[in-house]
Each structure stands twice: as C-alpha cells, then as structure tokens.
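Written below as structure tokens is the structure these notes are about.
In this document, chain identifiers A, B, C and D correspond to the written order of the chains, with residue numbering beginning at 1 in each.
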Amino acid sequence: MATTLISGGTVVTATEIMDADVLIDGTKVVGLFARGGALPELVVDRVVDASGKYLFPGGVDVHTHMELPFGGTFASDSFESGSRAAAWGGTTTMIDFAVQTIGESMMAGYEAWMDKAANNCAIDYGFHMIVSDVNQQTLKEMDMLMGEGVTSFKLFMAYPGVLYSTDGQIFMAMQKAAENGSTIMMHAENGIVIDVLREQALERGQTDPIYHSLTRPPVTESEATHRAIAYAELSGAPLYVVHMSAKEALDEIAIARNRGSNIFAETCPQYLFLGWNNLKEPDFEGAKYVCSTPVRDWEQGHQDALWRGLATNDLQVVSTDHCPFCMNDHPVLGTQKRLGEGDFTKIPNGMPGVEERMRLLYHGAVGENRLSLNRFVEVTATTPAKMFGLYPRKGTIAIGSDADIIVFDPNVRTTMSVNVNHMDVDYSSYEGKEVEGRIDMVLAKGKVLIEGNQYHGAKGDGEYLRRGTNQCLI
Amino acid sequence: MATTLISGGTVVTATEIMDADVLIDGTKVVGLFARGGALPELVVDRVVDASGKYLFPGGVDVHTHMELPFGGTFASDSFESGSRAAAWGGTTTMIDFAVQTIGESMMAGYEAWMDKAANNCAIDYGFHMIVSDVNQQTLKEMDMLMGEGVTSFKLFMAYPGVLYSTDGQIFMAMQKAAENGSTIMMHAENGIVIDVLREQALERGQTDPIYHSLTRPPVTESEATHRAIAYAELSGAPLYVVHMSAKEALDEIAIARNRGSNIFAETCPQYLFLGWNNLKEPDFEGAKYVCSTPVRDWEQGHQDALWRGLATNDLQVVSTDHCPFCMNDHPVLGTQKRLGEGDFTKIPNGMPGVEERMRLLYHGAVGENRLSLNRFVEVTATTPAKMFGLYPRKGTIAIGSDADIIVFDPNVRTTMSVNVNHMDVDYSSYEGKEVEGRIDMVLAKGKVLIEGNQYHGAKGDGEYLRRGTNQCLI
Amino acid sequence: MATTLISGGTVVTATEIMDADVLIDGTKVVGLFARGGALPELVVDRVVDASGKYLFPGGVDVHTHMELPFGGTFASDSFESGSRAAAWGGTTTMIDFAVQTIGESMMAGYEAWMDKAANNCAIDYGFHMIVSDVNQQTLKEMDMLMGEGVTSFKLFMAYPGVLYSTDGQIFMAMQKAAENGSTIMMHAENGIVIDVLREQALERGQTDPIYHSLTRPPVTESEATHRAIAYAELSGAPLYVVHMSAKEALDEIAIARNRGSNIFAETCPQYLFLGWNNLKEPDFEGAKYVCSTPVRDWEQGHQDALWRGLATNDLQVVSTDHCPFCMNDHPVLGTQKRLGEGDFTKIPNGMPGVEERMRLLYHGAVGENRLSLNRFVEVTATTPAKMFGLYPRKGTIAIGSDADIIVFDPNVRTTMSVNVNHMDVDYSSYEGKEVEGRIDMVLAKGKVLIEGNQYHGAKGDGEYLRRGTNQCLI
Amino acid sequence: MATTLISGGTVVTATEIMDADVLIDGTKVVGLFARGGALPELVVDRVVDASGKYLFPGGVDVHTHMELPFGGTFASDSFESGSRAAAWGGTTTMIDFAVQTIGESMMAGYEAWMDKAANNCAIDYGFHMIVSDVNQQTLKEMDMLMGEGVTSFKLFMAYPGVLYSTDGQIFMAMQKAAENGSTIMMHAENGIVIDVLREQALERGQTDPIYHSLTRPPVTESEATHRAIAYAELSGAPLYVVHMSAKEALDEIAIARNRGSNIFAETCPQYLFLGWNNLKEPDFEGAKYVCSTPVRDWEQGHQDALWRGLATNDLQVVSTDHCPFCMNDHPVLGTQKRLGEGDFTKIPNGMPGVEERMRLLYHGAVGENRLSLNRFVEVTATTPAKMFGLYPRKGTIAIGSDADIIVFDPNVRTTMSVNVNHMDVDYSSYEGKEVEGRIDMVLAKGKVLIEGNQYHGAKGDGEYLRRGTNQCLI
C-alpha cells in the first residue's frame, strides 16, 4: 500500500495541538512523530508539505438528506453530487437517513437507500433509519438493523400525516432502543400545534416565508424537547435531539444533562449564522432559508445561546441537516422552492450546507473567537463519530484511525459563494460571506480527494460504514 | 539522549484509546505508531514491553500541601517524601501552594517555598500562591508572580484570623486576576458562620471528630460557592473552587457553567469514597478523616452527586488536597492529629492522598463503571494541566509532550494499605480497600522512576514549572 | 323572610378571625357585629348559640362526579344522595361535571346533566362541561355555554379512546377559552404512555391494584402538566390542573406561577392522606383507593410537597374528585370495584369523599398544624368560589353573601367511618381515622340543613348556579 | 363613646368587596351590615355618606424613618410632621425604626425613640429595632424588647462602619430570633463590594447621582439576599427583606418561598415607578432619587418583575422607606441632598413617600390594572399588619378592629405635587403625575383625621402599639 508523509503541519484533535508529522500507510494513520526526532529516515511514496498549516480530522456530518423525497419533490443533491460536495468542504464521513415508507417494512427502506448510495459516494457513509411507522414489526426490525450497523433511529414529533409518530409509538421505540442499545434521534417540534397555527396563518392571508418561523414559535420546540426527554428518561433510551434552534429548547437539554441523563443535541450552521432578517428577504428570497426547526429572531438571543451551548457542551455536535432545494427550476427535478410561492406551507423544507459547514464553523469558532481549536474539531468530527459509533475509525487523527485529514491554511481568507460551491443547488445561504481559512487538501482513507482546487476522487471511493453504538453515554 | 520504546500497550488520552507504541527521546515523546506498520526498524536504547497494559499520562495533582504549617504543626510529608510518594502513585506533576505570611510580602513567601522544594522533589512541580493579606502591595505582587510562572492565587473564605480574606479583599484580588489573566482558587466555606457553630458545639460538649462535619453543614459550602461565583462574574475573573464536597455547592457550579461563566471546580478522593461512617469511627479514629471541606453523609447523596458531576463535567478535576498529619507522634514533628483529642477544633485539618489518587480514581471510574477510560485520564491529568497552564508539556501522551507515562496493568487487583504506601504518615484512609489495577511502571520526562516495585529516581529529578494561564476558558 | 342570629361564635374567613354575631335575613348574611356593642336589641326569629364554636363559610367542592358513567357502571352517588352527603360534611356548594357524549352536541350533554340534577340537590350546584370532542361545533358551543353560566371546560390528556382530546384539540379549545374568558380545566396525565405501560404490566401478569399507580409514574403527570402549561401560555388561556398528586407536577405549576402565568391547581384529600400502603392492602382492598391521578408513594415526599404547595399557594384549592364506586355489589348498579379483580385496568377509577373533605382538611391543616385557620377556609371555600366565578355569593361569610355557614366545634374529636357517613357507597377510605373537630350545624342560604345530627333539608333545596368567570386571574 | 355610621360605601378588604354600612362605636368597628336589611333603625352620633366610594382599611406603612440621623444630617420629617403627612395620605399606622447607638445599649436606643415619638404622632405607631452592634448584651436585649412589643429587628449587610453587621453577628441575631419568635428584617445589599466599587468610581471622577445606582449593581442585592436566606434557613429565623428593587433578588425570594421557607420581602413605590431616567435628571436633580437599594434601569425589566412579584405574592408588602431630605436648605437642618454635589457618596440616602404611597399604589394596581382591589388592600394594609403582629387590630375593616378607614372616591383623578403635600420636604418624586382616585376622608380609631381637605387631628392622637409576633409564618 502507498505511504504518505504529511510533514510540517500542526495536528489538531479534540484534545491535542501538536507539531507532528503524520505517516499514512494505505488507508490508515500509522505514525505521528516529531520532526527531527530520533527516527531513522523514512522512505515514503509521497511527502506533503503542510508547513504553517493545520491538520484537522476530516469532518463527520451526521445529518444529511441526499435525494430525500419531500414535499412533492426530492432534495436536489444525489448521493454522488452531495458526497462529492462534502469532500470539497472537508467532510469525509456522512451519515444519511434511510426512510421507511409507511406500509412497507423498514428493511425495505434500508435496502432502497443502500442501493441509492452504493457505488455513488465520494466519501464513507452510514445510515440512520427514519422510522415512519412504529409497530410490532418495525420494533423487531430495529434489532435487525442493529445487525446491519444501523444503530440510530429517527422519529418525528412534527409533520403529522407524513413522518410523525404518536407519543405512544415514540415511547415504544425508545423502550426498544433502551433494550438494544441504539440511540433515538428526535425531530423535536410540536407538529400538532404547529399545524393549527399554520392553518390559522393561511386563513389570515399570511403566506410569506417569514410565517414559516412565526408559526413555529420557540415553545413548540422547547415543549417537544421537554417531552422527548421525559420519555427518554422514563424508558432509559439515549436521546439525540436534532437541529436545535431555540434557546428555550437548549435550556431543557442543559437541565436534563445536569442530572446526568444521556441526552444530547446538535445544532446546524443555519441556526448559528442566519435569522429572521434572511427569512424576510423580499421577492420570495426568504424561501432559501425555510427549514425546520426554523431560523429564529437573532435579536432574542438564540444564536448567542447556541454558541454558548457549544462552548459549555450542552450542545455536542454541529451537523448540517443538508437538504437542498433549488430556487429556480432544477433541470431534472423541476420546481422546488417556488412550489411555495403564495403559500409558505408548500415551500420544501431544507437548505444546502454539507460543503460549507467546516469553513463556517472554523470561522465562527476560531476566527471569531467563540470556541477553541480543539472544540472546533470536537463538535465537527470527534463527538459526531463517537456519538454514532464510528470512533476510533473516524473523527480523529490517531494511530490506527482512517487517514481522513484536512490540510487547512489559517492564514488566508476566502469568500463563500454558489459560484465556487459544488452542491447541486442554485444558491448559497452565505453568498458573499468572507471567512477565515482555506481548505487546501482533503484526504480520505489515505487518498487525496481534493488538492490544487481539483477533485481527484471517484464515484465509489466512499464505502458503507457499519456503525457501533453510542460512545458518549454516561 | 537515551531513547526508549514502550511497545505493545494501549495509549489512553482524554480523547483516544489507541494501540500504539510510544517512542521517547530524552525527556519527550517523539513518536506514536502502529506496531508492524510502515516504519523501518527502530534502534532504541531500551524497549519496554507493555503488552496488555494501559499507558496513561502521568497524573497531575494540582492540590498538595507539603510541609504546610497548620494548626501548630506541619504537614508530615516533606517535598522530598511527598513527591516521591506521588511518583509511586503514578503522579508525575504536582502543584503545591506557597504561602504568604501575614505582614510579609507575597514574594517572600514564594521564595521561601521555592527554597523548600528546590533539589528535593522527585517529580516536576509548580506553585499556586496563597494570598493571606490582600492589599495594594500584594495586588502588585500578583503581577510579579505571573512573571515567575505562578498564575493562580488562592483565597480562603474559611479560617477567620488565619488564612481568611474579607469579601472586599476577595473582590479586589478577583479584579486583579481579571486584569492580569490569572485564575482565582477559592476555599469556599463560610468560615464566619462555621466559627459560630463550632464555638456553640464546644459549649455543648460536642467534641468528637464527627462534629467537625456537623458544624460545617452543606449550606456553609454552597452559600460560599454562590458568593464566590457572584464576585467572579461581577469582576470577570476565572474561578476555580477547590475540594468540593457538598451536592448543593455543585448545583451552584452547574448553574453558573450553564450560563457560560468561567467557573470551575475540583473534588478529591476523600469526598468520593469516605463519609460520616468514617468520621464516627470510635477511639478518636475519626480524626483521620478530618479535613475541610468535611467528608459528608453519603446517605444524603453527596458522593453520587460528585461522581455525576465528574461525568457531566460540572466537576473538571480530581486532586488530593494532600495534607497529611500522623495519628501517633511523628518522630520529628511530634503530636499531630491527637492535638485535637477532646476538642475537634484542634485536630489539624488534612489527609494523606497524593500516592493513592490515581488508583482510587481508576477503580471508582473504570473499575466500578462510573466514568470512561478517557474521562479518567481527563480529570486526573489532562484538564488539571490545561486548567493551570501546563499543557501540552504535561497531562497527555502526545508528540512533543514530556514523557510522563504510567504503565498500568488492569488485569490484577491490589489492596491499599499504609504498609505498602510511601507517604510519611502512619495511616491510610483506605486501609484494606481492594482496587482494580496495578501501577507497574512510572516514567517522568523519559526517566523510569518506578519499576519492579523499586524507586529508581533521585532527589532533584523534579524541576520547577513556570506555568502559563488557564487554557480551559470559554 | 325569617331572620336568624348566630351568636357567640368566631367567624373565620380567608382573611379574618373575628368574634362576631352573624345576622341572617332570609338567604343572606345581612349583619356582622360585636356582641354587646352599640346596636339596639335585635328581634329575630331564631337565635343560635355558637359560643366556643367556629363559624366557617360552607365548603365549596368544585370537583364532584355524581352519577358519572365510567368504566361500564356509574358513580354510585346520585345527585340526591351525593349532595345530601355533601351537606352532612359541611359542603354547601358543589360544581359537578356535565359530559358531552361523543358524536352529540355539547348542549345536549349540558341539558342532560341539568335534568339529572334538577330538583334533586340538597345544596346549590353548578356545572363544568367536559368537552369530549373538540371541533368547530363544540368551539361555538363553548360560547353558548358561557351564556348558561358554564364558564369552565374540562379536557383530558388521559383516557385515550374515551375522554381523551388530542393536543390539537386541546390547543384550539384553549384558544377559544382565551377569547371568551373561560377557564380550561385539565386532567393532566399522559394517557398515551400510561396505556403502553398498562398493557405491558398486564402482559407481565401484574394485575393487582398497586399497578394502577406503578403504571402512572410521576413523570406521566409532570410531563402532561408541563405540556398543558405550554399550550396555555401560548394560547393565553387560564389553566386549572385538577387532582394533582405528584410533587414533580407541582414543581411545574410553581415555575409557571413564578413567571406570572394564570396557572392554577387543586389537590384532593386522598393525595394528602393516602398512599401506596393503602393500594397494597391485601384481598383486593387496595381497589378502594384506585383513582386517577393515583395515590403515590408517600415515602417519596409527595404528601409533604402537596401540603407545602397549599401553604405557599402553589396549590390554591382542595376539592374531592368525589366519584364513588362500591366494593360489594350496589343494590341497583351491581358490581363496581370488583369489575377489576384480576385486572386493575378494569377497576372503576374513583373514590368517595364529598362528605369527608372539610373535616379531613381541618384536621390536617389546623389540627396537625400545617395551615392556618384562614388558609383552611381559603382553600376549601373562598378560592374555589373565586376561581369559578361564584364569589361573593359563595365562599365566604360577608355582608350580602349567601348564608352558607358551618358551626364547627373544635374542642371535640370524631372518628371517620362508613357507619356514620351518608354517601351511597359501602366504605370509607379513612375508616377509623380520628380527627379534630365536629360539624354541629350546617346552614345553606339561611336554612338549617344539618342540626342535632339530623338532616332537615329537602330535595330541591339546592339550585343551579350560573357562574361568572375566573376571579383569580393576574 | 361616639358612634358613627359610614353608609352607602363599598367595603374592600383583602378578601371581600361588599356593599355594607360600617358602624363604629368609639374606636372600634362594631358592625357591618346590609343597607335596608333586617336591622332596626340605628341611632348614631354621625352618619357619613359614602355613596359611590370605596372604604379601605387605613394604610399600614411598616417602613418609615422619621428624624433619622443619617449622613451628617437628619431625615427632615419629625414624628409630628411625618405622621400627620401619613394621615393625609391615608396611612393610619406606621412602624418606624428605633436605632441602637454603637457602644450603647439597645434599650437606650429604644427609649430615646419612644421619647421622640411620644405625644407627637397623628397616627398609631410602633417600632422595629435597628441592631447596630450584635453582642451578648444585645442578644439579651432582643428578649427584653419583645416584652416591650418590639418584635422585629433590623440588620444591615450594607453601610460598613456605620450600621453594618458582620455575617457572624447576623447569624447569631437570627439564632436568637428563631428562639424568641421575632422576625429579622434585612437591608440586603453587599456593602463591602459596593464600597470597593464606590471608591473606584470616585477615583475615576464618576461623581454624579447616577453612579449611586451603577455602583450598586443588581448582583450586590441578589447575592446579599441569597446569603441572608441561607442564614435564615440555617438558623430557623423568619426573614423579611426590605426595599427590594432588583429582579434578580426577587428570584432568590421566589425560590426560597417555593421550598416553603418563611422568607418575605417588601418593595416600595420608588422601585415600582422610578428609574435611571430620574437619577440622570440634570443639574443634580437626580439626587432627589438617591436611596438604597437604588432605583434601577427600568429597561432591564425590574419594575415589571416587581409588579409581577406583588401579583404572585413573592412580594407581600409595599412600604415607603420614607426618609426625606431636602434639595434646598432645610430651615432648621440646613444643607441635605446638596451635601453630595460633586460626590454622590455624600448624598443622604432616602426619599419622601409616606403621604403618597396609598394613592400611587391604588393607581398602579387598580387604575392601571396590575393588581386587584383586594390585593391593593392586602399589600398596603392587611399583610403589613399581619407580618408585624398588629392584626386584627390593624390592617382590615372587621368586627373588633380599630376603625381606621379611608373613604376613597375612585371616580376622580388627582395630581401629585409638592404643592399639595404635607411632608416637611421641598420636592415630590412624582411631581405632576396624575393618578386615579382621591382620598376624601380618613378616620383613625373612629376619629376623623382628614375631611374636607382639612386636618382635624391633634398631636398625640397616635399611640404606641405593642406588637405581637409574625402572623404570616408557614
């Protein structure tokens, strides 16, 4: 197998910041050592000069929705385009969501999604399973899927009639998770009350994108979060609340964690950087930012609270919830965001992001002095890998780990734009935003995927990851 | 310089658990690599076989009191005996407390303690400074001591008339710390109220050791903790609360940390393992366990709360507060604990522990399934080092770090006893306790200190550490 | 109209304790005055000597279920027998619950219950309305019922398939209440999760009465309470949580009230005096104490917390939830409690109590020194009357108020027993309990109902009360 | 004795609102009755027509400082002028503070203040005792003063070197209070930290009145409140925190009350109506509003929180802390507020208010719809009387109570101004403020003090009140 030496860089992990050369043998990191140390001369196939650069573990994005059917269309990124864009953005592992079709078996959904991804991905990938219909059959299938390396199951307290589970279904799935060691992921929004508010808004002629957020007030998120925690604590299941955006919901997480419960939560860049000012952009431009949970009024302190939550570890992970829909007609998929012109409830919920997460987070964390370098790595790579049973293979730069490495130049600034992005979507939510740092090189399993602003990978570089159970439990 | 290869072990850091060989060149770790990897054959001076063993970073004990004058006597361990015992117990760095004598300059106290330690220590050491008398002169000296690598200053809300500072003094010292970047350490007990309760107990003829704890009820700790937090938040100083024992005090820490304040706290093994049952041992045996804060009624849930605090990171560090006094006459120092026969207020406050911490914590954490291996390392080595500005030199096994390493065999059980201890004190607080694991070897700065149940070090192996500022700030 | 002078007693209201004679003219209190004062001689039809006695306002029991169809049978007390028993127990006003039959109009339910009660009651009565099926029609009927003096509407988060409303229904009913000024009463238990737990218990063969409580753990009550509060705050409706029994639920009430929300709660004597020890009585005797919410483990501090909540005003009302079922066959209704032998889920939920509330509360409050005399009156009469729009007609002894008065002798003790009770049920939950005080006389609207251990009233003394809106709002 | 009938009014008490005539015989209320009822014709000395008017209990102001020596001068109102002004404002009972002079006995202070007040007061009065120097002698004198009807003792956590008590002194006084049944009143501000901040402000040249508030930030009040609560709970003493102004301090009260502790607090009109905008008035006009605790930034929500606290009963009392100092030279006392021109620390702390409280509170509560009529009476009269052992003689309109009655016309508006006030001070803090309602008549102990905008009372109408113990304990 080929050997590579990345020399001269500063290796950053969740704990360490060390000037160390990294030796890669095939797909694995096999050595870390001081330059000019006691080692004999190494003969390697390739030496990469990383002087003055950071070496970060490749990003682990645990929340993507490639090709997701939603709202009468599909997320515009395929596994091929989306995973390649991820690689461009320094993310070398993703966990997507297989979906059970109501009325069919969960295994069928799993296999369908396995087929979609097979031989198409630029980076390694795993699946969570969306349980659309909890019943005696699916409860048994939860055990079967554990055997396939699917160790996390997502439920929805939102979207009645579509993905929604009743409280009884949620509770039974949690009991099963407590029994088989899997983790329950929760879309924690009170979809029942939200539906009442949406209908009433439409009756009042309130159809613009901003009403998407106004009909999902913070209490609809915090109430659902509180309820999910209650069920998790009663059943004994680990709970991971996805895409948190309301400070009141975060308060519920903090309280539960203080009492030692296995309660976890993620947020996403859109909640850290965007807000009502975006949703209110004129000419239906606000539709770009329609996702659920919604972006919120930053004047109410939600963004500050979320950054503080990342600092205090009340939030443990930053993922993307990548689920892009085009503003203008997609060549294949046709009308997407504009399905909701004149009726915000018909705007497909979702935003692109898989390519932008690592740079945004580095910028907000390190560039703007909110989180340490170690903490940046921890929330974007290490904890996501541990949370979903991928460590130590993924999420760190350590002996025996996969050689998933970003060579990052902290000394230049770059500008975010749809023009330089590679996702299959026609806008960037961060158009024109200047950020600290540049991703110079991305290696996955020892292979260079990105270098010299070129993609050197191939369809099928990415392999399916059988995952273990949650390694963050206390 | 000599090179050593520790081969076959499992390296554990705050983040990683990796099967890796460790290459040491002189005093530093210079390489970590996979066995049987792509490396050429290494030629080293010594190969240590660590097959089946854990390699932990040497412990960092940030709270010791060697030779401390207290209650009319001195802590029985000298820097020589105490630091050697620390090495036996797997601790390779300690931070002791230099004491300002009231009426004299703080620098004089610092120099006096530097003299006591110089050329006597088995392991590297630093100093915190106890500020006995905050005034305009000492506030200036806080800046001077920063230049000496003393970056943390301890104040007492207890012991009126001895080490006690008034609230005004505390607040002014905190304002200075906020200005110069140092960290304030706080003995958070309401000494004023405690003194009232002690006097009243003695008047009632309540003289046994148990009254030491009964006259320091939890609210005296939690009130002081709340107050110290209020002053820290108002002044902007980082605060580190020492030797926490009451769950109510821990609650105050958790609340402050949730709101993103730089508030930290440690606990000690005595609060995790001991309680009123010990203080009530007959024939004055309870005096062994007299320390402040006191050990508490475990039936009230304090121990469980402290373990949970370590798991949730509301507590960040486990130190010892090592401050031993003999039950029977010490050959040189004479009567110690028995000064308080018939009057618990005269019992010198303090317990031995520097040699026992690592084994106790491993046992309670990993052996009894309360904390992960990573978390065990984090609370005993990595975070202490970061909290007090010693990282990356200390607290981890990483490229460029000091080669401070414990070779630990998890497959055997050992029994704690004064008979196998090396501290200069005539009892163990854990006599007869059987624990998981055995420390087989201890290296400090690449040199083997402990091997084959022999001490191979020498007086003066340990050097003074100039410390940087707190690396845990958010 | 006849005039009565009650002379020599001590009048107790929510605020006052005054030695005053009470002059009644017809149905109303028309005078309060000092004995031997400046008044001319009064000529009255009757003088009652109340020397050494307390005069309390007649009790207001805002939670009774006479003749309620439940679990395949009916509550054993008719309006006639139950209201008469209430009078015996010093309660002179009751608010019962009219029930909407699913599929029929709410007005029809109201009229059916009006018919049941008409000309049958010994004491004045009003109705809350149980909304079984929230829809556009019933929302309109809520306005109509306001016109009938029904100003409070009860919803169930428990009993799926029977009385249960979905969260969307609850939220819409609350929006209507916010609009028309009515108060929402909530049975706050998570019936969905409870049903899962009940089914699982039965599958495990856990059929005894104690499992009724074990399958309704405190979190099922506190979660539902939290959720109901969230909806009430979002909609702006006043919320009154009925029959609270878990201290965790009370905590939710306290938090919401601290922030100034119009959130209220009642408890009942069974939660203040009974517990698991009762439910565990052998030979199916535990079935006597099966009601929902359940009686709980007093060792966990629920009783103490509820008494403290009454003292701190986090609980404002004590009602009975009177809903009796016989242990042995009822002459007309047949098998009741024993329907659940071998299957606790089939035990009719409910307990007798309307006759015992005032004495139990006086005993627990004043006799056992937990609440003041004023507070005893406030929680049993004044606040219930204000909460449900009956003040100043009911709930106090004041000029212009109905002459509903208890003459109470605090100087004797009495023993509670089915043998001295008048409710149409074959057991007392407090059999053999000795309590402070004796009810010597009960007047309602100036007429003597109870005197000399005789009932002097008649069917139809009690009239329907058109109620106003909640007078406790802040 | 003379008899008076107040006819046609609406009597308001803490619980009732009743159309009732009030019969007064001598000094007492002896009858309440319905107009046109069953009573024979009454022959009385005087009939007052109160048609369309409210009858409120005379106000009870439990916090006044007549003639107080402070900051080198004296409060400008004497007992004569101040008590007369109180009567004009509808307050018929006041509790002032006797002061122990340091180095002298507490009894001497009590006697000195008794002499000041004797034969000078327009209304009945009592005394709290300010304990300036807690020691074994004063602890004994606390028992002696209980015998004199002084049942409450005030301590200061502010004003080091003047009125300040150490924490040990505070704790010992509380232990004594727990033993003898008295109530501890606390000025809860952290004077030690405040003194540091004041000195630092002056060093920076910050001398204007606004710095009075800026150097007493909310945490100095909330920390002290938390600490006082801790000592009260540990000792078992009832605690009453005076003149609360910070919402953070109120939070501490609410938390303690939720757990059932006997913790109470008052606020004053200045905190409900005034703020930084007043303190910043130019040309030293801000000095008018300098008092401690300070008025605060209303934009931070303190006023709203205090009104909410009154509604939720987390605050139980509104008093004035009446302590006036003139802006211009007082004819006898000379320079007062202007002592602090150029140095805010020298501005005498205090504001007038005894005459304005009842109208301000009625306006803010009832006129502006924040509190009910009953609650207005409760916080201004009934609870103050119960809190300090004056009920049932004072604080209500009930049989046997003193005939202290305000005849209040709610149908007119009046304008507050120094020009219509009677306090001996040259400004009103509410100059030009228009309020709902007018005080038409004030009776105290049956005698008309105010009628037809004339004062009909005389020096010495007011008598000393021996008080009982706290009647609000739970």
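In this text, a contact is a pair of C-beta atoms (placed from the backbone, for glycine too) under 8 Å apart; a residue touches a chain by one contact, two chains touch by 3 or more.
These figures come from a predicted structure and were not determined experimentally.
Touching chain A and chain B at once is no chain at all.
Distance from chain C peaks, on a Cα-centroid basis, for B. Rounded to whole angstrom, the centroid-to-centroid distance between chain A and chain D, based on C-alpha atoms, equals 59 Å.
Averaged C-alpha coordinates give centres for chain C and chain D that are 39 Å from one another. Work out the mean CA point of chain B and of chain D, and you get 52 Å between them.
The set of chain D residues touching two or more other chains is empty. The touch graph of the protein chains shown is a ring with every node of degree two. Pairs of chains that satisfy the touch definition comprise A-B, A-C, B-D, C-D. The residues of chain D lying in touch with chain B in their complex are 166-168, 171-172, 175, 190, 192-193, 195-196, 217, 219-220, 222-223, 226-227, 230-231, 233-234. Of all residues in chain B, those touching chain A in their complex are 3, 11, 13-20, 23, 25, 28, 30-34, 37-44, 254, 257-260, 308, 311-314, 371, 382, 392, 396, 398-401, 474.
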